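Everything on this sheet refers to the single structure shown next.
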Amino acid sequence: MKRIGMLTSGGDCQALNAAMRGVVKSITTCTKDVEIYGFLDGYRGLIYSNFRMLTSADFSGILTEGGTILGTSRTPFKTIQDPDENGLNKVEAMKQNYYKLQLDCLVILGGNGTHKTANLLREEGLNVITLPKTIDNDLWGTDMTFGFQSAVDIATQAIDCIHTTASSHGRVFIVEVMGHKVGWLTLNAGMAGGADIILIPEIPYDIDKVVEAIKKRHENGKRFTILAVAEGAISKEDAKLSKKEYKEKMKNYKYPSVSYEVAAKIQEKTGQEVRVTVPGHTQRGGSPCPYDRVFASRLGSEAGKMILEGEYGFMVGYKNREIVRVPLEDVAGKLKAIAPDASIVKEAKLLGISFGD
Amino acid sequence: MKRIGMLTSGGDCQALNAAMRGVVKSITTCTKDVEIYGFLDGYRGLIYSNFRMLTSADFSGILTEGGTILGTSRTPFKTIQDPDENGLNKVEAMKQNYYKLQLDCLVILGGNGTHKTANLLREEGLNVITLPKTIDNDLWGTDMTFGFQSAVDIATQAIDCIHTTASSHGRVFIVEVMGHKVGWLTLNAGMAGGADIILIPEIPYDIDKVVEAIKKRHENGKRFTILAVAEGAISKEDAKLSKKEYKEKMKNYKYPSVSYEVAAKIQEKTGQEVRVTVPGHTQRGGSPCPYDRVFASRLGSEAGKMILEGEYGFMVGYKNREIVRVPLEDVAGKLKAIAPDASIVKEAKLLGISFGD
Amino acid sequence: MKRIGMLTSGGDCQALNAAMRGVVKSITTCTKDVEIYGFLDGYRGLIYSNFRMLTSADFSGILTEGGTILGTSRTPFKTIQDPDENGLNKVEAMKQNYYKLQLDCLVILGGNGTHKTANLLREEGLNVITLPKTIDNDLWGTDMTFGFQSAVDIATQAIDCIHTTASSHGRVFIVEVMGHKVGWLTLNAGMAGGADIILIPEIPYDIDKVVEAIKKRHENGKRFTILAVAEGAISKEDAKLSKKEYKEKMKNYKYPSVSYEVAAKIQEKTGQEVRVTVPGHTQRGGSPCPYDRVFASRLGSEAGKMILEGEYGFMVGYKNREIVRVPLEDVAGKLKAIAPDASIVKEAKLLGISFGD
Amino acid sequence: MKRIGMLTSGGDCQALNAAMRGVVKSITTCTKDVEIYGFLDGYRGLIYSNFRMLTSADFSGILTEGGTILGTSRTPFKTIQDPDENGLNKVEAMKQNYYKLQLDCLVILGGNGTHKTANLLREEGLNVITLPKTIDNDLWGTDMTFGFQSAVDIATQAIDCIHTTASSHGRVFIVEVMGHKVGWLTLNAGMAGGADIILIPEIPYDIDKVVEAIKKRHENGKRFTILAVAEGAISKEDAKLSKKEYKEKMKNYKYPSVSYEVAAKIQEKTGQEVRVTVPGHTQRGGSPCPYDRVFASRLGSEAGKMILEGEYGFMVGYKNREIVRVPLEDVAGKLKAIAPDASIVKEAKLLGISFGD
């Protein structure tokens, strides 16, 4: 008998259900002697022992469903070790519930924050397997995370739609793309959508270079310019600030988000009308794209295999087109960002895309 | 020989190209003895005699293309009669160019503002045929405008994506939908996306009723609530203000748009996290949906027939599933809004949708 | 207390779930005193008393789901009155189950065959309300059926995809579109996809006219031709045959479907390579388009209202953009086909589309 | 001055335009001193000196366009060296045109057949760079070909649509997927669409195993079964035949394609109704998916870089997430098939998918 706890944590994304289906299908293909405990709303479910017993039927037909049948919540890692509002030690509570339910292991699906907590639980002696879930693709130790390609598809669709409007009106348009502190999503959606300028956190921008690129297009007879701007994009000046200085500055930030700042500066320096579009949370939703469905299923399948083998303490990752097992301690606390001189950046520049640097 | 001037004016939308292709195809099917003058960037092209000669080849393959091959610009009607910055009388300039090019007629594609100007030109003695283009569906005299259904599709897709995120996180989500001063787009996208609360300009909302609806859902065990809010939605208090008072109030409006105000009020009254998504200009872009392609082609076909018959002074409209000719003077200056007691509103309420009234 | 039986019958299509959700939501918005009996797999469920009790929860989240949560089956009308293989009188069995469960009414969703049976049950004294479901749009008494627009979207997508291949290779391509004995689906998808030739059952084709249209395109420098051919398209010769003669002929029909016959004839007469694509059952599947979701919800809402009012014996239909009640006896046994001289056909011809007539 | 010849050959696919745009953009970003000769309809254009001079403007806005602006044709390799119907030596003609136009190099986009010819031209002394284009993903030397992911998306959409119909009716459905002699497309679309049984050329099927899998699903209470069958799928018996015997057998093949044979056998052995859907050429068409747009642009960018460097004789490929240069002689004549014991196959089997082996 295997007793498996499962939870999804952090911002939701596409293919969470596909991945969980993969885990359960691969186990039930081999044995019927299994119990699945689905903890609700991320780590909260484990802390407060809020769970549902799940059967194969719960995982039938969810391959294509967005969201997560278990619900999720963003539990900031820094507070995991602090007691909750009633004085409960949260880590201790998770351990107790794990042992009380006699679980063999926990399968945890999440991003960077989630992995820190997962590794903590591993250090506390629990058997943990994680799956790399995030539209940001910023998890260390894996070439790819699921949700990423689906988000690229949605962000690209937004740029596609803006393209026809931009060219009809001859305007400057900014599409703000998610991605947290890294530029994977913006770079890929920007290249796919044919953006002329791409601003990402890894390559701080100089607004004068941005304006120059817009003017150059204008001189070449192009009526419009499209910018794909990462929600985490940062100017060269701001990038030089210390963390504390930056925080101080952002306290009185007058823009809803960074794109509006870029828009204001361009408008000021060129006199041109600039429009901002923010697809926002739509980038996390909807049915996963076929790529993510296959990818998440494969990851889930490997996780199931590991459970049958009793091998724990790993994130299931992707390296050189193969599914691999990456020690959790190597993953936790690291960020996978784009190197400013990565091949893909050079290729993009060769295509005439400006990064404002 | 027929000499036809054509222009697209106002905010761009889907199926403009399809409609123009329809006009030209239906004429060239009957005669090769025709010249098409495509004025660039809306009325500006006619005012400043900025045009391209177009052939059949220009209209080949554009049925599915978003935007407009002629470009467009928003020329506010109220300034059309005023001289431009160089003292040029704009109406006079349009007339002169019309006669200088010996045009038989103008085919003008646009929305409400555009129709006012088109009717003015008609009054000045020009031969004018118009086509009803707007994602807002607010043109009087026609059951439907092209662009509308395509915009419904895009706005609905946004709500669909938000749905999975809303249900995973158990949050309140607002999707702000375009539509100018009317609620057609929001009502249809809201019903199609399964929104729980729909706020439209025609039915001013009471924030307490909105909050009540959210609480009721919560009591019924629903984790999340989705609101489709029209960009023109208005509260009961604001609806009572005079135009002048309202304008005064909006001068110091602290929100980027009305959705953020609704969000702030809900958050204040419920303590729940509320997220806002603004698909914005994506709603105007991309390939027209099949419905709009057929519809715009049919309208264009009828316009072509009218030109061959030499019948002018009409908007080509849609009534009871038939293409009809509506006198331009009946259309100009009127707005088609949703009656607060329209059947579709009653049906929506019966489905459990709250309008906050 | 209202006891409502519900069933979906005939070929499945999009928005069946949306329509049923509409019925149940509109009733439960007004009263909790209701029981829903969901009969499984169409009339079979009613005949053999195979049903599930349904609650509001069953209808939550299904607005966007394709297919039908009740399952369906094609029960040819002509055998409904005959006894089944065990000698059971099927009509009698349905009546008995209706009375045994003390139902107040039956809500039946289906197309032409389904409506014949529904009307029969009405004649037998049962309270019946029907909803017009079919991708064929061939139901008499309503301007529109749900499923139709979704199917148009899918068929159009297929033509769109074929377009790029056809133009790259310079070939003749046939896309076979569903629609049973009428051409609504083919005509609309054909116009939306920019098909050059459209063959529909209502306008029998002359293969020489078809070939002529292809040659004319070739002479005009067009590399390719796309035909949208209805699965029910028929040649002028075959249209002259008596029903018996035609049946006899089809016994030895050597083609998988009519498109392959058209392809073979074109290939024979022009020497050009002709490719056939058959999207087939994909046209019935997938998530309903926004238009169908709104439309089916509105129909369902009205059905719910009728149940609350105790008004039976009607199909809920659509006339001049309003939801209406159409006496079932007026609907049953009739077919809504395209008039060969309908405005839309004339408009299509003016656009240069050949119907091969 | 660089003189570059470009051509697209073989079956068309998505992202051909994106790739060519990438080549040209990356060159014109660095130098304006370039001439682009676009040969029409594949190698035919080079043989008969049928070309268009292309400028930057020709490549503007084609990133998202399906098909190829140059046209293509399938020129079977085996006849390339034979004289044409007028006795012209085709290879010699290509060489002469190359030298007459004083080309610096040829950029050739194509699949397996195309690469054989490209390598032949290289052996004849021409400067050649190739780009790996095929929905089949069967080119040796690259992890991925462009067009593949777009085709996966379309084939998956077809399975998604069939899913709702299959589950509503409780039937067995076969979706026939393209892919030529290999199973990449079918395996990925099958896994993405949740197919229960996947038949690919690399793993010959035993019809009894297929039937067994269907029956097992039925015993487990599943109403329906979906098979993704590769157009090149083959039974165990047929796989044992010699090439000659197989060819002989196929001469009298009575099915339109292999799926119909599988369907007939299942129907015969189970008595269940089996439906076949063939998305066919739609899998090659439409706008490239975002993945393919980025990928093809990157490949094109590298090709442009190679031209600027004067490095020839390579296919631009993809290895371990980096763009690489693969000697043409290593690529030509080889096929990249799925190893029957590849990880992805094992993972799929663990997920409960039957390969009929």
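For reference, chains read A, B, C and D in written order, and residue numbers begin at 1 within each chain.
Here is the rule we use: a residue touches a chain if its C-beta (ideal position, glycine included) is under 8 Å from a C-beta of that chain, and two chains touch if they have at least 3 such contacts.
None of the values given here were measured: they were computed from a predicted structure.
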{"item": "Partner chains that chain B and chain C have in common", "value": "none"}
{"item": "Interface copy of C-D among A-D, B-C or A-B, judged by whether over half of the contact pairs recur", "value": "A-B"}
{"item": "From chain D, the most remote chain by mean C-alpha position", "value": "B"}
{"item": "Euclidean distance of C-alpha centroids - chain A vs chain B, Å", "value": "35"}
{"item": "Intercentroid distance (Cα basis), chain D paired with chain A, Å", "value": "31"}
{"item": "Whole-Å gap separating chain A and chain C, where each centre is the average of the chain's CA atoms", "value": "42"}
{"item": "Two or more partner chains touched - positions in chain C", "value": "160, 163, 167"}
{"item": "In the complex, chain D residues that touch chain C", "value": "8, 12, 14, 16, 41, 65-68, 71-73, 154, 157-158, 160-165, 167-170, 173, 223, 256, 275-286"}
{"item": "Chain A residues touching chain D - in the complex, by the definition given at the top", "value": "22, 25-26, 28-30, 61, 63-64, 143, 149, 152-153, 156, 160, 163, 167, 188-189, 191-194, 289-291, 293-294, 297-298, 300-302, 304-305, 320-323, 343-344, 347-352"}
